[in-house]
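Order as written gives the chain letters A, B, C and D; numbering starts at 1 within each chain.
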Amino acid sequence: MTKVITTGIIGLGRIGKLHAANIQNSIEGMQVKTAVDVVITEEAAMLMKKLGIENVGTDADRIFNDPEIDAVIICSSTDTHTDFIVRAAKAGKHIFCEKPIGSDVASIEAALREVRKAGVALQLGFVRRFDHNHKAVREAVHAGKIGKPEIVKITSRDPAAPPEAYVRTSGGLFFDMMIHDFDMACYLAGSQVTEVFTYGKVLVDDMFGKLGDVDTAIVSLVFENGAIGVIDNSRRAPYGYDQRVEVHGALGCVQDTNDVGSTCLLSTADGVAAEKPLWFFLERYNAAFIAELQAFTQAVSDGKDVAVSGEDGLAAIKIAMAAKKSLDEKRPVSISEIK
Amino acid sequence: MTKVITTGIIGLGRIGKLHAANIQNSIEGMQVKTAVDVVITEEAAMLMKKLGIENVGTDADRIFNDPEIDAVIICSSTDTHTDFIVRAAKAGKHIFCEKPIGSDVASIEAALREVRKAGVALQLGFVRRFDHNHKAVREAVHAGKIGKPEIVKITSRDPAAPPEAYVRTSGGLFFDMMIHDFDMACYLAGSQVTEVFTYGKVLVDDMFGKLGDVDTAIVSLVFENGAIGVIDNSRRAPYGYDQRVEVHGALGCVQDTNDVGSTCLLSTADGVAAEKPLWFFLERYNAAFIAELQAFTQAVSDGKDVAVSGEDGLAAIKIAMAAKKSLDEKRPVSISEIK
Amino acid sequence: MTKVITTGIIGLGRIGKLHAANIQNSIEGMQVKTAVDVVITEEAAMLMKKLGIENVGTDADRIFNDPEIDAVIICSSTDTHTDFIVRAAKAGKHIFCEKPIGSDVASIEAALREVRKAGVALQLGFVRRFDHNHKAVREAVHAGKIGKPEIVKITSRDPAAPPEAYVRTSGGLFFDMMIHDFDMACYLAGSQVTEVFTYGKVLVDDMFGKLGDVDTAIVSLVFENGAIGVIDNSRRAPYGYDQRVEVHGALGCVQDTNDVGSTCLLSTADGVAAEKPLWFFLERYNAAFIAELQAFTQAVSDGKDVAVSGEDGLAAIKIAMAAKKSLDEKRPVSISEIK
Amino acid sequence: MTKVITTGIIGLGRIGKLHAANIQNSIEGMQVKTAVDVVITEEAAMLMKKLGIENVGTDADRIFNDPEIDAVIICSSTDTHTDFIVRAAKAGKHIFCEKPIGSDVASIEAALREVRKAGVALQLGFVRRFDHNHKAVREAVHAGKIGKPEIVKITSRDPAAPPEAYVRTSGGLFFDMMIHDFDMACYLAGSQVTEVFTYGKVLVDDMFGKLGDVDTAIVSLVFENGAIGVIDNSRRAPYGYDQRVEVHGALGCVQDTNDVGSTCLLSTADGVAAEKPLWFFLERYNAAFIAELQAFTQAVSDGKDVAVSGEDGLAAIKIAMAAKKSLDEKRPVSISEIK
């Protein structure tokens, strides 16, 4: 009989609450014992109670010092990630950390050294790798069905722009949004990105411009294996979350399309009407959020490699930094320039 | 705060186990206290234990005599349905009963009288009404988007034939398989069926013929509201569960297609390859099985009408009987002939 | 170098004009020398002139007595078909005849005897056999890709009802519209129909009822090879010409969908909008009308069997008669009853 | 009655022969009187004869000096285009010229000055603007259905690489292939391109590298109206000609997909198989080749503006030059740098 993995969650924002609920309701072999945040809102307290999580507080040491806790789920703000990773590693706890892994290369590398030293598992929260559609595309590429990959294309558009408060601390489009696509690009190509070039614009809301960010961007990519690629992002897609990937290779092309609420098709004199894509990530990646924690549970239980490593997290951050630098300096930027 | 509805399950076959797991894992506001079957297999016992259902036995009176139990989930063999409905009604318990509701009109009508007398809720397990696709089609029709319905078409094919033992007691294709489609036809048309004509064949497996059944059938339908319709069934679809509906009306046509495992599309010199439909009802109607119990929970909690009534169950049985009679007598059969 | 086949056209209604234009503009190896009709409208005269057809008149003998004319294209009203077939055969001319081949079995059989005696080619105008989509379905069935056919389904709906004048002489839905589907059913199944059962209704326009016709019908079919099938027809589909076929067999299912004006897809907050099916047969079967005459040209040039024989025309008429009889007598009707 | 426009064709390669056949067979109101090329192959001579074009020779003055000829169709090699445009303009003939319009900016601008001076019509052969799918996308954008355009994406991949001889004189990928996409990008965005950045690779065939060309490229674009865009090209798509466009805007997204040979769908245990895209431009843009000449005929007859101007041709050439310069110099290149 498999031992149930006991976890503590750090950070009870939108994603922390989601993981808490998924672990308690849907992940066999894992449970949440403790949840902490800098402030515990009444709403968070009620949810934790409903989920049967009794230890709730503001001190993360309740997790790090608890010998019953096997793993930490880090869902706090990005600037705290590497610190918590280091503390968790030193406490000998396995780690699931939300993306992005951190905000500067040096501290990320230091944290990864601690992880390696402690010999604990560290899985990054690149949830899209666990989406049924993207996964099927990756598997087709991996199985050689399209031959050597040559062109990778990713369309990724949010239904609506986030609030200003979020953008102020998120690091901006390349760090809070396209970071997923950078990881997806590497995942699909089966290769690392070596250089990028960015065009970015403020077309959706001037707020982004005032904060030094863009809301619409096209980033071209060069991969180590010779392939090239492109990602486009927009902060606004009134028809819903637009998440499509495509890989073209020597033998063919594999792609996916959006999931929809139903396959219902209405034909009238006005035309043929189909349903819109699912509205946003909670709907589209609902099953993937569960699957990534199942994979983490499995990896910890079996002592096997995690599906998304800390190094993957670092790679994505470096690409994001290069993309931002390319935008700022109006020139292609090599990943090797990022220190 | 809403009271949690306490249930007892009768019958721990495939569908009973499915409902037990769904109630325990996914239905807020409902729990299973007791589960009974004529024989409790070791596998069923282990599953119940894992689901936290402690009272497991062979005597249904453990359910009917338990004042803590609010509702009964009937998943036993068809021939026992009406008897359990009557006992549940007399015990003042609400009832969720798997399809078909029974095997002869008189006993069904008697059972429905008891249900009405007791004033308990009775919901039939026509799970497909809760499927996201079929529901969207129904809602488009109901909203008047295609005008007055004129033609109803249902394609319904199982991936593979059931074992002989199942067919021996199921009542055959019209009672164990097309019964769903008869209900769906009425649900989509928003009208009752008044007459049917059947062509049926043994094309999949001679076993069906030996048992006096067919494995492939086309049943034409006439509805009270003037529409006509057709259902085709096959016991074998090597590409997976084929479940499509379509309604054509004065202003247009609304239809759905199958759900698939992923939207992944592979284009090579060999052609363009897409994924097959989901394999069978557990995959396709997974969410619908949860939704029907949520609806039952809601109906019991709110004291409102159930989504699928005992009368709907009786109507479907009568159509099935007429369809079988049409096959046997090679002529159109009116539902009014069925007593 | 291949000899150009010289033809005469009888009947300059909509379809006669279409064939004339196609032969003159698009059929290499065939030309129209003469065109006749009971009355030559000014519009028909101008079109013939524009097409370079100089001999235009009201006397069909101008065609039958002209030794330069190799083949006759019969596009006159149905009641004249068999007479013109007989005259053409006796004159030793090859024959392309629009559907239906005639209106009573005896005269059709007599005409076919004359054709056989004369040794001329006779091709029926079942144009849908030459449609790229239906043809691909047929070829997949024929190549054994779905194994033995078990269920044949045909959806066939006109965008709008024809004028009363047309219905008065067309023979009604089974003879002017579903006749195509009866032929398509045999073509797809690779087998003859042996029995039918019909449900028909007047739902679109009371005019049809006054003329003793129906405007909405579902006809179930039994095939000689054991398969069963169903055709549904409606005289009104506000979204355009709805022409879909499907064959289910032991190894799988093959189907087609409608052709559309463009693949353009518009996604907005209101939903996802696609184009409607092509409006009617002139748009949908445009290329097929050319292909059927190319096939006829080829058959005549090479002395090979035609793609659609007079016997196919007779078979379709018999099914139509049986379908009408089934509607009238409210019972399944065997094709063998039709004399 | 409209006067028939008499034309002379210069250049009887693949595209010249195609236009000759289309004019003779499908373009009402236009005819070919004379066809010239530097060498007349026997095959070209036979085709001209079959098409009823009697004047065939090697001296272009047979066209320019013929007062009966109203318009010239220039299909010769790119390096001769501007010279022929100038000669045609001076002779007062209207001009249809294949893309690209020329190979250096100065001579193109000089030629356009002559055209303006002569007051003749000049239409460029950007045939894809006349494709039913791309046109529907453009019309949706133009009608404001997606609001202000923000992202333009074009996928354009040839089924197989051209022969080395072709590449030696074509100017390479940006001039013989992506030139279409540059024009399409402006057409869809309703705006001019102001800057580009190119990643290009030799992945398909080393031959391209040896000739100083690439065979796979991603070019990012900035438009005058603030939108950004991206084009990807590959010289090899084993599944057929891949031609898809997409425009994302403030209110939604509009896109198209490839045309296919048939809508036939085969579902078996192996999966669901659909048809591949049409093989290459002759199949996919067949109707568009006719439509562009109909539009030219119309423009000349009515004295209205042509659908694709010489300025459009010049704009596309400048973008191609900038894209090549970007590849060579590994930096974004402004169109204003191209003289």
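Methods note: contacts are C-beta pairs under 8 Å (C-beta built on N, C-alpha and C of every residue); 3 or more make two chains touch, one makes a residue touch a chain.
Because the structure is a prediction, the values reported are computed rather than measured.
Between B-C and B-D, more C-beta contact pairs join the chains of B-C.
Between chain A and chain B, the centres computed from C-alpha atoms are 40 Å apart.
Note: centroid distance chain B to chain D, computed from Cα atoms, is 58 Å.
Inter-chain spacing, taken between the CA centroids of chain B and chain C, is 42 Å. Taken residue by residue, chain C touches two or more other chains at 237-239, 242, 251-253, 267-269, 275, whereas all remaining positions touch fewer.
If each chain is drawn as a node and touching chains are joined, the picture has every node linked to every other. Chain contact summary for the complex, chain C toward chain B: residues 148, 150-151, 153, 155, 157, 197, 199-201, 203-204, 216-218, 220-222, 226-230, 232, 234, 236-239, 242, 248, 250-253, 330-332.
Per the touch definition, chain C reaches chain A in the complex via residues 237-240, 242, 260, 267-269, 271-277. Contact residues of chain C toward chain D in the complex are 25-26, 132-133, 135-137, 140, 145-146, 251-259, 261-269, 275.
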